[in-house]
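So, here's a batch of structures to check.
Next come two complexes, and both contain chain A; in the first it sits with chain B, in the second with chain C.
Right after this comes the complex of A and B.
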């Protein structure tokens, strides 16, 4: 015990009970909901994946049976394949177009806020409605897209085209969101850098490569990670756009989990095992992001 | 003692606009023209599907099935809207959406700001652990824990209730994060002074901290309204009977079953996108800076 202590220090050492309890009471409701509806389910998910059930009430021990079953199921691998193609294409296109639009909007003097709002509005629309609109737009005979093209392309009927369609609609819906984050990154770049290199005769392309891209990297990293996670979680607009069809050609992992868990015939075990695998992928991406972020700070 | 300034972004600096040319003179080059053309085309691609939906909601069923499709309706009628509201229970679904959105947003604001205040302004055992726990939940999206969350909700008997839609998603890590960052800028002296004056902890929070945080609360409120109003996967799982359907669930279910004519679906789609778009047009600046700064959706 230190003898000589000021009045202030004394007060800090023995705060009244109310003051000591207050932070815990303030945190209680929020933390209780986190623990009950996120943390505990995340832990319990691994446990559930070791059981099987067809009604969600009675469970039978399976051990690793669920995993063995879905990993030897061609249908599951089809879903994994669709999800992988979707996620990669979605990330590349939405980030690429996002950077392109952000740079163009950033350079635009007049009407900049109009374009920013125009690209962002699809982000706000209910994904269910996005699926409805595009199902209608891409209709084979009566759709606006085919009318415009003067063709009858079976966008939502052909296996490969349907996958292309859900990727395109996903990009349409989300790209404004990524553009916004990238635009914020662009606007934090010091404009005098461009002026100086412009005086040295650097071309715009050279400026983009040597100034914009390197300084934009933190924002690009954020957007790539977000897009990857969004890509693996895509579900709602696909539900109303193609419903996962034709014949499972656009069924992604979240729809697989939803259908096995909640649509008859219910296969709880498969759904839970699928969830755990998706969890591992999302978790791995977040960790990689964290490591890349750390490395960059250290350099 | 001064109240902290709002965290609004720095205002645009006066002087010449940032431009690629060092002199800043207005000379329209070919690249400028190309840029405007590309931007305009992209804006059309972004907006036409939405305008198409809005125009379609005023068309009659015969006009909707016409080939080639017409852009503008021949006559503007609200028939689809009135029919959708009278023939089906869309009024109930809309009411459910409103109740869930409002209740969840109020609850989110309250519990998020309480947690943020504790994390920002108190020194206590386990603070860092609890902050990390909060941040960790960002990494666990609903999609990957759908089954176990459903089990918890079912064990509370909240399936097929609006509570089941409101409570589980009310604690948002994004909200805690935004509010905590904001509260860090409140000077400790302000809180100390109130304590010396004999104010209780709850009173300090309600009377001093919350009013000061109004701009940050507005951002969290807007984000919460957008999330809850458009939410789909969770309501689809929890709302299994028609009386608790929200608008997105009703739209998706009816489209899949083809029990509701298409013209009515379109009208209700427009109703379901309007509130969020109006909100955006009013609070554009807060929404865009809020999202750009947190990068979380």
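Right after this comes the complex of A and C.
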């Protein structure tokens, strides 16, 4: 008897079908666009990686042939090494400098709006323009940097220096964006924590270590994930800055994919296989980052 | 129970995805190459009056001054045939990918201007179908080589030819008191390098010699030393000859007679050294006839085209553009007629004269072309065209040429950067070219 009344009650309480379907209907347009422009191309990209094309349009079944060819290519492993060095350095420097700048512009004082804007402006510049500007600035004989230093440092034509140069330019270009995320994180920290610790005699450094860093961890995690993705997908400004040279020293994996897919002789299969491998790596690193972040949060 | 249902659903989704994936092959799937027998197709005659009211799309990239000439010729074609031509001008860098995207989408244009047929060979119309077996004989055999399919098809018409060759700063040579070579009796490579070095020392220019960072331009030197990267579907590179050919460049870059930073600083990208020449930073610059127009407009000094230097061979290295019709285009008969019209002797002369190109028609080559300016320089290129060995045409037409050219640039970069000696780099290049040829074999 009680059961029956509960069921009746539930039936009475159940919203009408239209209302229940409404959220799904609202989600439908975005879901359709997401499937059409993200999921479907991703599936098709994986599919293309299983074929080879001799003229870019007529495809032959290859199975894992493209993957085997890429993985046995010395050039690919050189590119992987460059990408790994770039990504690690980019993440470490971007996050480190991002935190430093965020703390700096979080201080009360005159001109902080100016500095916030100044550090953020490079994010707004087109990466191609960034590449061209820095190409002129780092030029050996007439570049602004060498003129200022009064030296002739071959920034863009020495293997090691060129890699350092693209990392520095990449960090300069993106760090303002990370600074902004971290700044938002800093501003959500309750100021009374600093007041209380100050009254207990804690130094600024101790406050930073024991209050700022732990409470900033969710923002740091976001920044680390974003910087990792940016680090592995860097291409546009590097291509205009160094073209991947000298002698492939600054060729990263996206350029490798681009050159396979869009430079004659076109190899769509190899380009797609490279993209799938890149996706797997970025996906794995992102998952690991999240897991580490969650573990820390739980602690 | 609920878990079991979920697992079944997951399995069904996975199976569905697998079926979906198997069904969505990326395009036309084939197991073998073309099965064409090579027999000339039966010529289809079409009454030109039948074209009236039709529309044709022409995908084009421009080198600059050729655009207006093309528009004028198109206007003439539209008047004569009562048709509409949609001229679609694309940036050169987007041409191949854009046309391939249109082909994949079932929206093939009728006619395309190309620099290489490599990425389209399977999609091109055999023009013999409409223009006849003998039509190719109206053109020079060298440029036709690049337009000929593996089974003798005429896959395109060579619409203009280009040739690599050296430009010299006449003012700097005069200031240094160094004589220019006799056009009829070209200098040797050693003589050219010595002359350039002497001018550099006398005038204090930054460099003695500059060359575009391009596999095509480097192939000029290989050709003069009697070798090439590829020959049809085979590797043609003789590493010893290549070593001999490229050694002067390596030496000049080592002692700053050539711009080393220019060579190393742009990775795999093509770079033209025209600005170095225009800035009078070098007395000799190896590029090609397409630079004549811009030097005529921009150079603030006296310059001239010199004959290509000789080693084992003389002459330059050929290139050029093609007009091709796509087999899947909506109107192949009109496309073939359009290509024929644009390449009559009169119309090709108009086009090459305006663009500063070299003719590909045998009759024009014999009679010569009257250019609006710099006739002597263009004649120098025409004269060198006659000295150009056949191997250059074979190499430039090979499917693996562009990829091997990029590999050549990278190989030389490794040597210039001190990562490899020239001999090893050339042996490695021979092997990588072999792999490329095997990969791209039809």
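The criterion applied here is as follows: the second predicted complex is superposed on the first by the 253 of 299 C-alpha atoms of A that agree within 3 Å, B and C clash if a C-alpha of one lies under 4 Å from a C-alpha of the other, contacts with A are read in each partner's own complex, and residues count from 1 in each chain.
FYI, a residue touches a chain if its C-beta (ideal position, glycine included) is under 8 Å from a C-beta of that chain, and two chains touch if they have at least 3 such contacts.
Being a predicted model, the structure only gives us computed values, none of them experimental.
**Q** On chain A, which partner's contacts cover more residues, chain B's or chain C's?
**A** It is B that touches the greater number of chain A residues.
**Q** Once the structures are superposed on A, label A:60 by its partner contacts, choosing first (chain B), second (chain C), both or neither.
**A** Touch partner of A:60: chain C, not chain B.
**Q** Between chain B (first) and chain C (second), which does A:156 come into contact with in this model arrangement: first, second, both, or neither?
**A** Once the two structures are laid over each other on A, A:156 reaches chain C alone.
**Q** First (chain B), second (chain C), both or neither: which does A:236 touch?
**A** In the superposition, A:236 touches chain B alone.
**Q** So in the superposed three-chain picture, is A:184 touching just chain B, just chain C, both, or none of them (first/second/both/neither)?
**A** After superposition on chain A, A:184 lies in contact with chain B alone.
**Q** Would you sort A:265 into first (chain B), second (chain C), both or neither based on which partner it touches?
**A** second
**Q** According to the stated criteria, A:278 is in contact with first (chain B), second (chain C), both, or neither; which is it?
**A** First partner only, chain B.
**Q** Looking at the overlay, does A:208 come into contact with chain B only (first), chain C only (second), both, or neither?
**A** In the superposition, A:208 contacts neither chain B nor chain C.
**Q** For A:116, decide between first (touching chain B), second (touching chain C), both and neither.
**A** first
**Q** Counting only touches as set out at the top, which of chain B and chain C does A:247 meet: first, second, both, neither?
**A** The second partner, chain C, only.
**Q** Between chain B and chain C, which residues of chain A are contacted by each of them?
**A** In chain A, residues 44, 48, 56, 141, 239, 243, 262, 268 are touched by chain B and also by chain C.
**Q** If we count contacts the way the header does, which residues on chain A are in touch with chain B in the complex?
**A** 18-20, 22-24, 26-27, 29-31, 33-34, 36-42, 44-45, 48, 56, 101, 104-105, 107-109, 111, 113-122, 124-129, 131-137, 141-144, 147, 172, 176-177, 180-181, 183-184, 191, 194-195, 198-199, 204, 207, 222-223, 226, 229, 233, 235-236, 239-240, 243, 254, 257-258, 261-262, 268, 271-272, 275, 278-279, 282-283, 286
**Q** Enumerate the contact residues on chain C facing chain A in the complex.
**A** Listed in rising order, the residues of chain C that touch chain A are 17, 20-21, 24-31, 33, 96-97, 100, 103-104, 116, 118-123, 260-261, 264-269, 399-400, 402-403, 406, 410, 413-414, 417, 419, 436, 439-440, 442.
**Q** For the complex, give me every residue of chain B touching chain A.
**A** Residues 17-22, 31, 35-36, 38-39, 42-43, 45-50, 52-53, 56, 65, 67-69, 110-112, 114-115, 117-119, 122, 124, 127, 130, 133-134, 136-137, 139-141, 143-154, 167-171, 173, 176, 195, 200-202, 205, 226, 229-230, 232-233, 236-237, 247-248, 251-252, 255-256, 262, 265-266, 269, 272-273, 276-277, 280-281, 284, 288-289, 291-293, 295-297.
**Q** Using the touch definition up top, name the residues of chain A that touch chain C in the complex.
**A** 43-44, 46-48, 51, 53-61, 139-141, 154, 156-157, 159, 239, 242-248, 250-251, 259, 262-266, 268
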